[in-house]
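Listed below are the structures to be examined.
What follows is a pair of complexes built around chain A, which joins chain B in one and chain C in the other.
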Partner chain A sequence: MLTFIARRLLFLPVVLIGVTLLIFVAMSFLSPYQLVSTYIKSPEELKNQSLDDLVRKYGLDQPVHIRYMNWMKNLLKGDLGYSVSANMPVTEAIAKRFPATLELALFATIPVVMGGIWLGTISAKHYNKPLDHFSRVFAIVGWSLPDFVFGLILLMLFYGVLGWFPPGRLSMWADSIVLTGDFVRYTGLNTIDALLNKRLDIFWDAVRHLIAPVITLAYLWWAYLLRITRSSMLEVMNKDYVRTARAKGLTERVVMNRHVRRNALIPVATVSGSMVLGLLGGVVIVETVFDYKGIGLLTATGAQQLDYTLVLGTTLFYGLLLVLINLVVDVLYAIIDPRVRLE
Partner chain B sequence: MLDVKDLRKYFPITKGLFRRTVGYVKAVERVSFQVRKGETLGVVGESGCGKTTMGLSIMHLIQPTEGSIRLNVDGNWQDVNTQTIRRLRDKMQIVFQDPYSSLDPRMRIRDIVAEPLQAHGMKNRRERYERVEALLEAVGLGAHHMNRFPHEFSGGQRQRIGIARALALNPSLVVCDEPVSALDVSVQAQVLNLLDDLQEQFGLTYLFIAHDLSVVQHISDRVAVMYLGRIVEMGDVDSLFVTPKHPYTEALLSAIPDPDPDIVREKIVLQGDVPNPANPPAGCHFHPRCRYAQERCRTEIPDLKDINGQGHLVACHYAKELDLTGISRAETA
Partner chain C sequence: MKAKVCSLILLLTLCLSVSAFAAPFDPETFIYVSGAGSPQTLDPAAAYDTASGEIIHYIYDNLFTYVGGDLDNIGPMLATEVPTVANGLMSEDGRTIRVPIRQGVKFHDGSVLTPEDVKYTFVRAMLADPAGGPIWMFFEPLLGVQTMRDVIAMVGGPEDFADISEVDPAILRKAYDVVDATIEVDGNDVIFHLVDPYPPFINILTKGGSWASIVSKQWMIANGAWDGNPDTWAKWYDQAIEEMTLYEKGMGTGPFKLETWDKSGDQILLSRFDDYWQGPASLKNVVIKNIPEFATRLLMLRAGDADAIYVAQQDLPQVRDIPGVTVVDGLPQINNTVLFFSFTIPIQGNEDLVGSGKLDGNGIPSDFFADVNVRKAFCYAFDYEAYREEVALGAGEIPKGPFPQSLPYVNTEQEYYYHDLSKAAEYFKKAFDGELWEKGFKVGIVYNTGNTARKTALEILEYNIESINPKFQVEVIGLEWATVLDKLRSASLPVFIMGWLMDFPDTHNFAVPFMHSAGTFAGYCGQGLIDLAKEQFDELIAAGIKATDPAEREKIYFELQRLYVEQAIAMPYIEPTTHRVMRDWVQGFEYCSAFSANFDLYNISKVQK
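Our next item is the complex of A and B:
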């Protein structure tokens, strides 16, 4: 197992260089004058300088490979340029906004994975019975409903009509407490920080703001995981080794949990990689709908204002994040399916 | 040892939006037989004749539609049904046809073989693994195979694992569902010999399902021939192979390839295909393909009857009149 992870880690730099190359290629479609903006660290630099000077200063008139090396040097220093739309360096903006997105994604992933697999199992166990039909309809609706539509419906219903789940990350009063020095920001995740600061009222306020975006994000992927788990379970249930398990005299519960579900989870683990990818993409839309100040909303605002620096920076960040997530999924995969480990 | 009476298994055929049942495939129809302690009863027949369905129904791995199955446990006859089957699984076990798909790919060999032990109350893990080691040695594998996964083994080795798993609980009856049909001929012989040895060593009783007549002849004491879900002939292996009484058995026997090129034997090629089991022909199910068929065969279903008082049972109206050719005595030796 450890050698598997180690070997997988050895591969990581290669993938990372690939990601940076791709983004660099995307960057080189911009003219040097547009690109200058991605190199500027603060607005002060623009004083008493002509654009041509800046182009020369940052080596944007140099050949491609030198430009790439320069860009990489800055990248390794954690310098992604200055974002006009966020009015701060890109790295700082990402560092500030990422906890919010992480919080949203965590709260969405856990119910998605648990709920999706659970519903899929139930659906498969009750194959072609009312419960199965019901969950299939539930899945088809979730799968066909675009998240921006579903999000708006939730917002209208639970905020506009009922007033239960407001948009944003925190209410005003909670926000003002969080920003004071008394409230220690351990992680940047509101819910966890609130618990660590023993402020249950703030915790509840943060949860209230999370419910609607989490449901929006989760529903689509619930539906997806439910369908994958269900069909995979049904396939495994007809496998000969499940019959063998019954012949051993195991109880039906053991047969289902130990033999059917574990084997059925292999394709589920495979798709969960693309699921996380979809979740991160969905975050952009969901955060915009619910005015939830995370990386998604940051990117969306940046794109609207043609803030190249920010968009390239967050894209790079997304890319690196995905590489890491895929690593985790691969390791998970090896845990579930021992055959992967040995090869 | 095992007493099966009037076993039936019907699979419903459903149609349309609301899955109305429009008919039944009678996969196993009124099958009765006994298996004596220590013997091997071979069951042969074409693909689709219900052999495997019968084996799985006896093991209650599929729910039989009707009929009684009784197992003799230490001198007492016990009903095998949905309630008792889990308890009786340590008395009757099954070796499956396909060794490639019947082992959980995610489990180590030691766990595959040890799982039934755990399920039947052997709590101590060390004890279980010791037993697994002994079992693997009994089937010609070794302790060093215990930590491996199924995909690391060849077909023959996997079948040995399947056999070790079946024997783990010390059963008295083992249903072998075409245990060698997925294997190479050279490996078939090894596995058959292994089954022979194990039978002697552990005093096992086999219900041996196969479609290969030479395999059945090699391993069986008695043989039952199935056609379209029914047993059409049953008897001692020698008397059935040398003096078959059912035209279907005769046709099957004539198809056994002969290693001696000088012997020219008449091959009986059956006309037509096996009829649809959802809609079997009236009368004797075999009559459309039988070269001796007469008027009576088209209307009346023959019973399975003992024709010579020596346990040779045949389901044919003309069993006594017909003079059928089997294989020569020399070949049985």
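Our next item is the complex of A and C:
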């Protein structure tokens, strides 16, 4: 297994160089004056700006291969460049925005996976019965609803009407403590940092801000996991060993939990891996609606403004995540199903 | 079943317990939720966008201010008097301006303002001169040039250079001496020496001009800014904005101190400066947060979590009837929105906009808009009233030319274009000696995607022009801003729309970008307009800014306005007004069209109703 992991990790730099090269090739289609839009973001900012001066100042007139070499040189020194759209160095932007996304992903993964598997199991157990139809319709409605619509409905209901779950990551009062007080930032995850600082009030405030985006994400993903779990369960339920388990007189609960569900989880693990990767990569619309400043929103804003240093930096980061999470999923296969041997 | 009931109770308890942490009304904290972007820099020498100007407004003071927001009433701020010829602080020829500096004013670090700080502010800004920044406004009146590069060339240095380290140090020293000589400290006064009379110079130094915010020399040097040495300034010349000392710091004499710029949370926290020379503000804390999503901002306003929010004009109807929310609209702005024509359009590689590139019914020739009849026909084809009422929702004035009507020296009686399709047809028939009417044309007209108001303006034009003659084809095309910028640079857009926000309230600030051969828009409108401007406008513009007699200035700007309209150089179609949306507990709101700040927070207080 260790050899397998080492081989996959060795593959990582190749993947990362590949994706950055692709971005630079795509960039070569843009003129220096298109790239200068990073610095002049709207027609209203086009005051007495000398476009040529800006192009020269930021080296946008240099050939793409020169820019790539310069960028690589800086990368080897650990410098990913400066992001104009984020107003900070790219490494700092990723370090500050990723914990927000990680926190959201951590809180969302449990209800998404548990709920999806539970719904899938119910559907399979009550195959073609009203409960199966109901859970499928319930989940498919979630899958069909645009996330900004469902997010806004939740925001309207839980914040606009009930005043329970406001947007953002923290309330203003909590923000002012976190930003200006003696609050120590250990992880960048508000809930964990609040507990480590023994600030239960800030912990609850952070949880309060997480609930609505988590519900939105969960509802959107349930249909996906339900379908995978359901079909996988139905397939496993017809296997000989399940019939044997029932013939042995095991209770239905034991048959379902130990023999059916466990074996049906392999495809679910694959899907869950890509889902976690999706969550960690940031969920732009949910982050926008709930003003949740995560890495997805950061990347999307950077891409819209042709902020190529930021796009390159976040792409590198995503590449890293992609390889690592796929690795974890492969290892999980072996744990879930001992018949799978990574070697 | 029991477990399910317990879970439900637990969930409800959780919801109720978290809701208990909702913030109570705080009369000392003001939260403004903007949606128009975050600041690019907090350095007054580099900031040239409104989001940056807003924050700088609260941290710094200027030498002068507009009293009660009245643009005709300039009063002293860090100066003790406003220089005039009458009070002897301005020379008869308007070229020497003496400014007495207020004593006992403290910076946020407790140090006391001196005239040396004032001189350092301006000299440091000129020597730094970040590309694309606002410092041309100091160079033009003080030295008659636009940039530090021009100063270097003026003293015998290279016309162009890739890096300032290539320039001979002796030349750099000469350039420094020229800049340094423009401002002099004499006892407790600062004296500005102008190259020529420049009537709006005092406006450039007045509050609202973030570039003229006074910084602390001592603090700046201690924090790594230019050290005041005549031979070392090049090290700080044209730095990347994030490398400049004040990029994310603030040290002024203004009513609020910068606490933190939380970039990852897209918000800025300010706190009251208790030693403010005019007395402390009523508000203790200020949060300015950027949330692009309107629905989120709206809910925050409704919930009272925001004291004021940014609302785009088209969203205004959604906030008008919310209980507890005040909408102040119809606030005058000094800006205009203009549809420009390119006088010389490149054909090659531009086929998507100019079609065949010939006058054959399937495109337009390069000099299509060089024919004044075509421009006039376009101007008569636009329905100004419909746009104002239906798109701008009544918020704005129909222009009378390139100069907003609230500026001085604008002829409000100037005859202007109006919607008249028969007149449009008449001019189309005259264009290209009747050939245009016979053959027709096809043209692509461009807006930057996302700007629905501009798209609608172009659609109004499209509808009207196509209804005049079936051979006329106009296609409204949306392009990404980056592509628009690229095409502007090569003057490739036959028609495009831009707005111009005032830098300082003087007609000159509109005459140069709109009409001068070296102005912002001439470069985007092709050589044809540059040649015309050189021939007819440049001399008048130069005379207008040098004239000190108001009657003479009026005559010159009236003439420029007349020429612009008569020749239909472009089509200004709206002078938009603006608005503010706030909770009704916000008291003391005062508006000044020259300020970048949405709220002059020094005067604001919160009183719960």
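Assume the second predicted complex is superposed on the first by the 258 of 343 C-alpha atoms of A that agree within 3 Å, B and C clash if a C-alpha of one lies under 4 Å from a C-alpha of the other, contacts with A are read in each partner's own complex, and residues count from 1 in each chain.
Everything that follows uses one rule, which is that a contact is a pair of C-beta atoms (placed from the backbone, for glycine too) under 8 Å apart; a residue touches a chain by one contact, two chains touch by 3 or more.
Predicted model only: the values in this text are computed from it and were never measured.
Asker: Using the superposition described at the top, determine whether chain B or chain C touches more residues of chain A.
Answerer: C
Asker: So, does A:172 touch the first partner chain B, the second partner chain C, both, or neither?
Answerer: second
Asker: By the touch definition at the top of the document, which applies to A:254: first (chain B), second (chain C), both, or neither?
Answerer: After superposing on A, A:254 lies in contact with chain B but is clear of chain C.
Asker: Going by the contact rule set out at the top, does A:246 touch chain B (first), chain C (second), both, or neither?
Answerer: Touch partner of A:246: chain B, not chain C.
Asker: Output check: A:262 vs chain B and chain C. Expected answer is one of first, second, both, neither. What do you get?
Answerer: first
Asker: Taking the touch rule as given, give the residues of chain B at its contact with chain A in the complex, in rising order.
Answerer: Residues 56, 59, 61, 86, 89-90, 93-94, 96, 98, 101-106, 108, 115-116, 119-120, 149, 151, 162, 165-166, 169 of chain B touch chain A in their complex.
Asker: Considering only the defined contacts, which chain A positions touch chain B in the complex?
Answerer: Against chain B, chain A makes touches at 239-241, 243-251, 254, 259, 262-263, 336-339, 342.
Asker: Within the complex, which stretch of chain A touches chain C?
Answerer: Residues 30-31, 33-37, 39-51, 53-54, 56-58, 82, 84, 86-88, 93, 96-97, 100, 152, 155-156, 159-160, 162-169, 171-173, 175-176, 179-180, 201, 204-205, 207-208, 211, 288-291, 293, 306 of chain A touch chain C in their complex.
Asker: Can you name the residues of chain C that touch chain A in the complex?
Answerer: 15, 17-19, 21-23, 26, 29, 31, 37-40, 48-50, 131-132, 134, 136, 146-147, 162, 238, 240, 242, 248, 259-260, 262-267, 269, 285, 287, 291-293, 295-296, 299-300, 302-303, 305, 448, 451, 481-486, 488-490, 497-499, 501, 503, 513, 520
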